[in-house]
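Common to both upcoming complexes is chain A, partnered first by chain B, then by chain C.
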Partner chain A sequence: MAAKNTLDLSMNKYADVPYEEKERLFEEMKADHRWNHVLYGCYECGICVAACPSARFYDFSPRVIAQAAAREDVDLVYTLMNDSVWDCSQCFSCDRCPRQNSPGQIITVMREVAVKNGLKTAKEALEGYGRIIYKIMSTGTQVSPDMLQPNAFPDWGGHVKDISDNLDVWRKALPPETLHTTETGWQITDKTIIELYLIWHMTGVMKLIEGVDEGLFMILVDVMEERLEEAGYDNISFD
Partner chain B sequence: MASDNILVIGGGPTGMEAARGIASLGYKVTLVEKRPRLGGTPDASQYAALTPDLRSAEEAIGEMVDAVTNKPNVNLMLDTTVVGSSGSVGNFKVKAIQSGKEITIDAGAVIVCTGFTHFDPGRETQKYGYYEHDDVITLVDAEKMLKAGNFVRPSNGEKPKRVCFIQCVGSRDRQIGNEYCSKVCCGISSKQAIEIRQVVPDCKVFIFYIDMRMYGYWENEIYWPAQEKYKVNYVKGIATEIVKKGDQLIVKGEDTTLRRPMEVPMDIVILAVGMEPSEGTKKVADIFGLKKNKYGFIETTGGPLNTVSTEVPGVFAAGASTGPSDLEDCVSSAGAAAMKAIASLRAAVPA
Partner chain C sequence: MIHLPIVKAVDRKFEANPEEAPKEDIREAVLQLEKEGEWEVSRVPEPYMEVKTKYGRSKKIPVQKTWHHKSCGQCGHIPGYSTSIFWLNRAFGLDYHDPTDQTSCTAWNYYASATSNPEAQAAVAMRNFAAAAETGYFPIIHCGTSFGHYKEVRHALVHQPELRRKVKKILEKLGKKLVMPEEIVHYSEWVLAMRNRIAERQVLDMSMITATVHPACHYHKLVEDDAVYDSEIYGAQRTAIITSTLQALGIKVGDYSTWYDCCGFGFRHILVSRDFSRSFSVQRKIEVMMEEVNPDITVTHDTGCVTTLDQSQFAGKAHGKKVGLPVLSDSQIAALAMGAHPYKVLQMHWHNTDNTRFLEKLGIDHAKMWAEFEAEADKIRRGEKQFLTWEDAAK
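Take a look at the complex of A and B:
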């Protein structure tokens, strides 16, 4: 299948963003405690691209990520942080690098910096995950049939939309009764869900979500605060 | 009458090591050098530090000089140029000019160690403008500045902020006629890149290359540290042209792995010039009737298994007189040539 769109690596793609701002984000990447274990130097040999499933589908190259980071090419790293890192599947097939780089983990760091700094492109890239995040975080580690946004995952194939349109009917067509559900996968105990809410509260996950999707954040806060209050945690605030 | 003396021509690392080896085995050796001092190209071109270990060249070459100066069995003849030869194995009569005076040296065998010369970038077919732009220099020029501990832009004496190397200048080029790889330039550029980063830490350093050839331990001794510790930028793609813009140089090329054209400003451009046979190598080859290859280096006969024998019995060639060589090659082939020269002497002049 042809690539969705072409990655523009021209040097002036983000010429309007001050160099100092790009440098600040790059320094934030380098300050990550994982950095020196995921990036050494890059031969630009392409073994990571050869192993990469996303590279088959998108105009995406884990090599370009590693080489830009290794060259400390601040402009290019900024371009990639905006336009490329979201095409990675985080499968870490690229971890066969002869220099022991991990382009996938470099991307993990880049994504975290992008999210923490609320980059517009990060918000756009994560739009498609709104339902998934809502489902997982409100109901607790659920995978459910209705959590895919059909327009957000072209790599899953065109039939996702058709199935989504009549999800209820499709589910009922499955023989085991346990699969007839659309909204949940299984029952979560009160104790588990309360503990998960508390963990997300204490570890700053909710702050991250607020940075990229304020609407989603507000819906989640409503759900969580109500449930927490019922459980006796009436002094928890997500603001 | 047969001679029990071995003549070594050329007082660079190869010649000094050959002479040292012969003398240490108890044989007589005459070491001739046309310059008034030993040391060869590392000395004449004022190399700063050796590749790959960054040891002081002066100190290392100094040790080699000491090993053949005022030593038993070594007859050192400086300021001496070989101009003719007659005779054959066991009995060469070699004519030379010593300080303006013609002399004859008797030798049972001869080792040619006349080395190389740096490629003159005035002959490159790209448009790098070595003789046009002050800030376009060669590895040799950079080495001199590094030795003096003063790495600055020749045009204005200021510390550079952006420096690049262009690899394979005068090598691997059919248009120039030097189709061979000069073998050492990748390592030397990387070594100098490290040194530049050490002396001018806020200077960005780029290496534009076709292939990086960092064989054996050079890989982890120079290439990886240059990239990983000193953050030298290796960009696959060779510049086609250098133009001046204001007081900077603009290097035009392609960043091939990123599939984009490149026009980048630089304060200093260092041309990684390769090796060509020295004038001495070509002349001495003719004097002894040695076959030269199409590039002018002396042809040895044994392929990879004998790197020092020539078509003329009793005459051997070692080091960069036979082709591009690093110091390890020079010293190794000097040892091989010393052994074979002694063997041919013993065959011709039974002990």
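Take a look at the complex of A and C:
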């Protein structure tokens, strides 16, 4: 079962990071259009902590996140951006805040800034997650039946092997015609996937992936460019 | 010390008055933007059903002509969930569309990894809504996270003209219009609105069953005013979703102290930090349900919740925890009540926790039913048939 790791809030850990750099990231957070709708101050009542699942199993507190952001404590926000935000469950149970804060949404913004700026801790948090990003960005579905392999889910027991052993037949034994797939959650047209890929380009997501995981970026480009070519898309503009 | 009288929450009723709602009705702004030529609004097909949301507002729920926005986790790992939704539609002879021009909302990845941004998320949502509008069918969302996320996208698009402009431009490049649905509807709202019709067609007595309910966080905590409430269910102090449906089927719903807690899914945790998901799910949900209610089943209405609550129990058992509680969706329970096959339709073999005792309590001969499924599967193995059809599932 999960064990708690202690969060180091001494500020020594990131003392070598220039204050200006921490401030730059904080300003990027504040510039997000959501900022003024997710943080109004903090009563320090702790209701968010009481509702928070992650607070029960990690050294994690949505109240600390909201307070640090509201006080504009640049050093503490930087520490939390590195060592705390990835513990959040993103369930938004903290949205019951009587001050109408959303610590979960503050964290969404902090994570985006961390990823966009390629923070080492963000890259570490995403280690082992690349195959999921690849799956969603290249196929349009996040998880697929063929992901159910015993070595990937040993803690789910022997039934994963049953599914894996019978996968092709059990998928064909599903009455909806769109569910006979094994590599995607459902049958998706090529045109649909290509439109999704164009969205990733036009909204800067491909650039984001290049910054955070260059290897993944290259594989995605290879696979998708081939798909574009096969589908007859030449000289397409990603702008 | 002051001693206040203890009044149970369920003894009080919250009578909502939409005139006193503390929040805007975003749907009015959606329609106003249509008048201003900012987008088209796809209307809920008539005749529609109506339910009440948190502040007493009416929400339109389509009966048919529905475009089924499927869920990655449901279709990928618990496919009897979506199959049961389709089966219910077919059982009532309703017209629906199961699209291939649909992507995931991609919000699971967004909440897990932040490797996206609001513009991309809005563009993905609006591409799907445009695809639905092109077919003439109205979107109904299978996943709780897609449902909550799309409502957030709607809020952002209403209040941010610049975001709207950018997304409109992207869709133009894809040859698509900017179309916002009149309502954003979760499939479980359709099941709830249909509950009395389902009960009329019920062939399986479920009055001996006690269930617990787990509502999905992204259903009733994200954009919380647009979840279904009913003064007869928990005094309208909690969402009526699932509970109302189960009670209509004669199932006793037991209350428990961690009802409001999440399931432990965590988005990234269920994929790469499952120690947390397992611990939370077992210790804060399953064990509490078992100790306080000892139900026959727990019923939920979202991808992640079924997955986490069900799959986590294997490790819980290894740790000697009080587990062994089958987990199903409300769509599966409703289909079962109407006589759907537990393996050909509900596809219960994709679930982890032993559910045979639950079936036995309902008087279902699960060994015979499994043999029937296996016979069909063998025909596929031998190449005698390509697929299990809807007609096969009805036998």
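Methods note: the second predicted complex is superposed on the first by the 190 of 239 C-alpha atoms of A that agree within 3 Å, B and C clash if a C-alpha of one lies under 4 Å from a C-alpha of the other, contacts with A are read in each partner's own complex, and residues count from 1 in each chain.
Following the convention adopted for this analysis, a residue touches a chain if its C-beta (ideal position, glycine included) is under 8 Å from a C-beta of that chain, and two chains touch if they have at least 3 such contacts.
Since the model is a prediction, treat every value here as computed from it, not as a measurement.
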item: First, second, both or neither for A:S138, with chain B first and chain C second; value: neither
item: Which of chain B and chain C A:P53 touches, first, second, both or neither; value: second
item: Partner chain(s) touched by A:T178 [first = chain B, second = chain C, both, neither]; value: second
item: Partner, of chain C and chain B, that touches more residues belonging to chain A; value: C
item: Chain B versus chain C as contact partner of A:D95, first or second or both or neither; value: second
item: Which superposed partner A:Q187 touches (first chain B, second chain C, both, neither); value: second
item: Which of chain B and chain C A:M11 touches, first, second, both or neither; value: first
item: Contacts of A:R63 with chain B and chain C, given as first, second, both or neither; value: first
item: Shared chain A contacts, counted only where both chain B and chain C touch the same residue; value: none
item: Residues of chain B defined as touching chain A within the complex; value: 224, 227-228, 231, 233-236, 257-260
item: Parts of chain A lying in touch with chain C, wherever the complex brings them together; value: 1-3, 33-34, 51, 53-54, 56-58, 86, 89-93, 95-96, 108, 111-112, 114-115, 122, 125-126, 128-129, 132-133, 136, 140-145, 147-148, 153, 155-157, 159, 162-163, 166, 169-180, 184-189, 191-193, 195-196, 198-200, 202-205, 208-209, 212
item: Residue ranges of chain C touching chain A (in the complex, touch as defined); value: 70-77, 79, 82-83, 86-87, 98-104, 106, 108-109, 111-120, 123-124, 127, 131, 148, 156, 160, 163, 170, 173-174, 217-218, 221-222, 224, 260-262, 264-269, 271-272, 274-276, 278-280, 282-284, 311, 314-315, 319, 344-345, 347, 349-350, 352, 373, 376-377, 380-381, 386-390, 392-393
item: For the chain A and chain B complex, residues of the former touching the latter; value: 9-11, 40-42, 44, 63-64, 67, 70-73, 76, 99
